[in-house]
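In order of appearance the chains are A, B and C, and numbering begins at 1 in each one.
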Amino acid sequence: MSYTLGQKQLDRIEEILMQDLINNGVRCVFLIDMAGNIISNLDNGEKQHDIYSLAALAAGNFGAVSAMAKIIGESEFSLLFHKGKKENIHFNKITTEFLLITIFGNDISLGFLRLKVADSVEQLKTILEPLLSL
Amino acid sequence: MVNRKKDEKLDAEIAKRLDDLFGEGDASSGESSALTANEADEAENKSRDQNQSAAAEEVFDLEDLVLNEKAKEPAAADDPLAELKSMVLSIDWEITDEVLSAFLSQIANLKNTYKNEKIILMFLQLLGSLGEYIKTNRGNAHPKTFKVLNSVFSHLESIVSTKDLAESEKIKILRIEMDKYKQLRNKVSKKKAAEVRKGKAKLLYKDEPDERTRKKQTTDIRPDRDSMIAAEKKRVPESTAAKPHATLAEAVEDLKQFIHSELSALRQELKRIQKSK
Amino acid sequence: MAFVNLKNKEIQVKIVYYGPGRGGKTTNLEYIYKKFRNRINTEMVTVKTHGDRTLFFDFLPFDIGVINGYDVKIQLYTVPGQVKYNATRRLVLRGVDGIVFVADAMAVRREKNILSLKNLQENLSNYKKSIFKIPCVLQYNKIDLKEQGIPLLSTDVLEKDLNSQLKRPSFEASALKGTNVVMTLKKIISMTVASIKRDLK
């Protein structure tokens, strides 16, 4: 599947991620496709990660977990979240092709993050869904 | 000599097994690696010994496990906040209307249970207020709300579970939690004021990103004065510079009034915001 | 590191198919799986992109039966070959016991083969393993393209590029048609099991 995103769309994506997530305390957020390619990536300026490896591994991880879900008879899991001592990672699928990965500290509760991510996903869908029908 | 024969035997066994599995009639390539039969036998003997000691250990471990499980049973029954706790934990993971309604309902029940214990009642009022705020605002709630909620709950839990805790200690803890609640309220009003001003000025978001990516500092935006002034008028000073309270009952009464004033200020703000939408 | 379960008398052997992207690693496993499905009796797991490129790994486990009192279970893995998935490749290499290096015999892929082998060496050293010590077989894949007139590297060139120092068994193959796929597999299994037996002493 190939898709093309114009500058306006990319700007809008960044705006959504900034408004809903970074401004609410999320450390780092990236929107990737299922092959691990980074579409958009924002952080709060504190830490720099190796986002290319992160993206590839995140996509692989999500793929592996999806395969596990099918083995146990689930079509997919509704929550994929890894809790660390200081940093946590949350995954959210957007349509069948994209993943939103958020990295956040313990100052944000998971429940609150999930609400914000859900909001972002709804907005991002309006930009990304039309690409799939091309 | 013997070793080499045994090696070849093993190789042959592997090759035969693979041939059986993947029998395609491919011509074998011929090369085989050397293996020492002695090593193989030693490994087998080692494993047999280890099996026996492992089996003995297993039996011991199982008994231990059974004893531990029995010890666990009696503890769970007596916690009056158990249900509320599970809801607080649940809110931490996922915020839904059902959980929030159940949470508020449980708070109401507990208020009844503890109607004669003013300090606990106040904790419950704080929790109720936070719950209402989350329910009304959901994703627009201030991110710190959940931390304050968890903190208030965990201190309530410690007060309820600690026997013979002095009243003065309880009040001290309550004051700390109320401070946190107040700070949150201030942050909420600042945030709302900022949003209202942003909305009025019709600023495009694009102009602001650089500022926002830096670490968040307290903004220079003034909080909404009206509701704060109303709260301030009714506020009872609670710092160490405040006049000392004659009796414990008076202190409790003052705190009660303070909470009521804070809650009504919060309600007024919510109404104002809803009107401005 | 082979996983040995002394209680169940089981040995798990991990063999990884490594090589440049689109070289034929997954095709090797798919051939084995399709051909011997009835005898192998296990499912193949693939984590791939929508474009059918390996994203994480392909995985095919099977039992080869009891050898010297131990139930030997083989686990075949492939890695994603594209350069950008290096972190993933490193992950899949963890605990590897034997390697099949699937080189692409197409002339245009010459440099990619060399870079991939170097990458393998680096990733192995991450786990303090040496490419010179680990059981390894080289496969020069896509020989079937000769009849289509596509320029291929000769075995001499491939040997010189990839095997002059390693000096490992090598096979010309066609993963698509199945030529020497099984030979490669049998060879790596023998070598790996033998090496494990040695290490177990």
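The rule is simple: a residue touches a chain if its C-beta (ideal position, glycine included) is under 8 Å from a C-beta of that chain, and two chains touch if they have at least 3 such contacts.
Keep in mind it's a predicted model, so treat the numbers as computed, not measured.
**Student:** With chain centres set to the mean of the C-alpha atoms, which chain is at the far end from chain C?
**Tutor:** It is B whose centre lies farthest from that of chain C.
**Student:** Most central chain by CA mean?
**Tutor:** Centroid comparison flags A as closest.
**Student:** Could you see whether A-B or A-C has the larger number of C-beta contact pairs?
**Tutor:** A-B
**Student:** How many angstrom lie between the CA centroids of chain B and chain C, rounded to a whole number?
**Tutor:** Their C-alpha centroids are separated by 45 Å.
**Student:** Starting from the mean Cα coordinates of chain A and chain B, work out the distance between those two points in Å.
**Tutor:** Once rounded, the distance between the two centres reads 22 Å.
**Student:** Round to the nearest whole Å and give the separation of the Cα centres of chain A and chain C.
**Tutor:** 33
**Student:** Multi-chain contacts in chain A: which residues touch at least two other chains?
**Tutor:** none
**Student:** For the complex, give me every residue of chain B touching chain C.
**Tutor:** That would be residues 10-11, 13-15, 17-19, 21-22, 24, 26, 29, 31-36, 39-40, 42-44, 46-47, 50-51, 54 of chain B.
**Student:** Report the residues of chain C in contact with chain A in the complex, numbered from low to high.
**Tutor:** Listed in rising order, the residues are 45-51, 53, 55-57, 80, 84-88, 91.
**Student:** Along chain B, where are the residues that touch chain A in the complex?
**Tutor:** 91-95, 138-139, 141, 143-147, 150, 205-206, 209, 212-216
**Student:** Taking the complex as given, what residues does chain C use to touch chain B?
**Tutor:** Result: residues 6-7, 9, 32, 36, 39-40, 62, 64-65, 67-69, 169, 180, 182-183, 185-187, 189-191, 193-195, 197-198, 200-201 of chain C touch chain B.
**Student:** Under the definition above, what is the set of chain A residues touching chain C in their complex?
**Tutor:** 1, 34-36, 50, 52-53, 56-57, 59-61, 63-64, 67, 97
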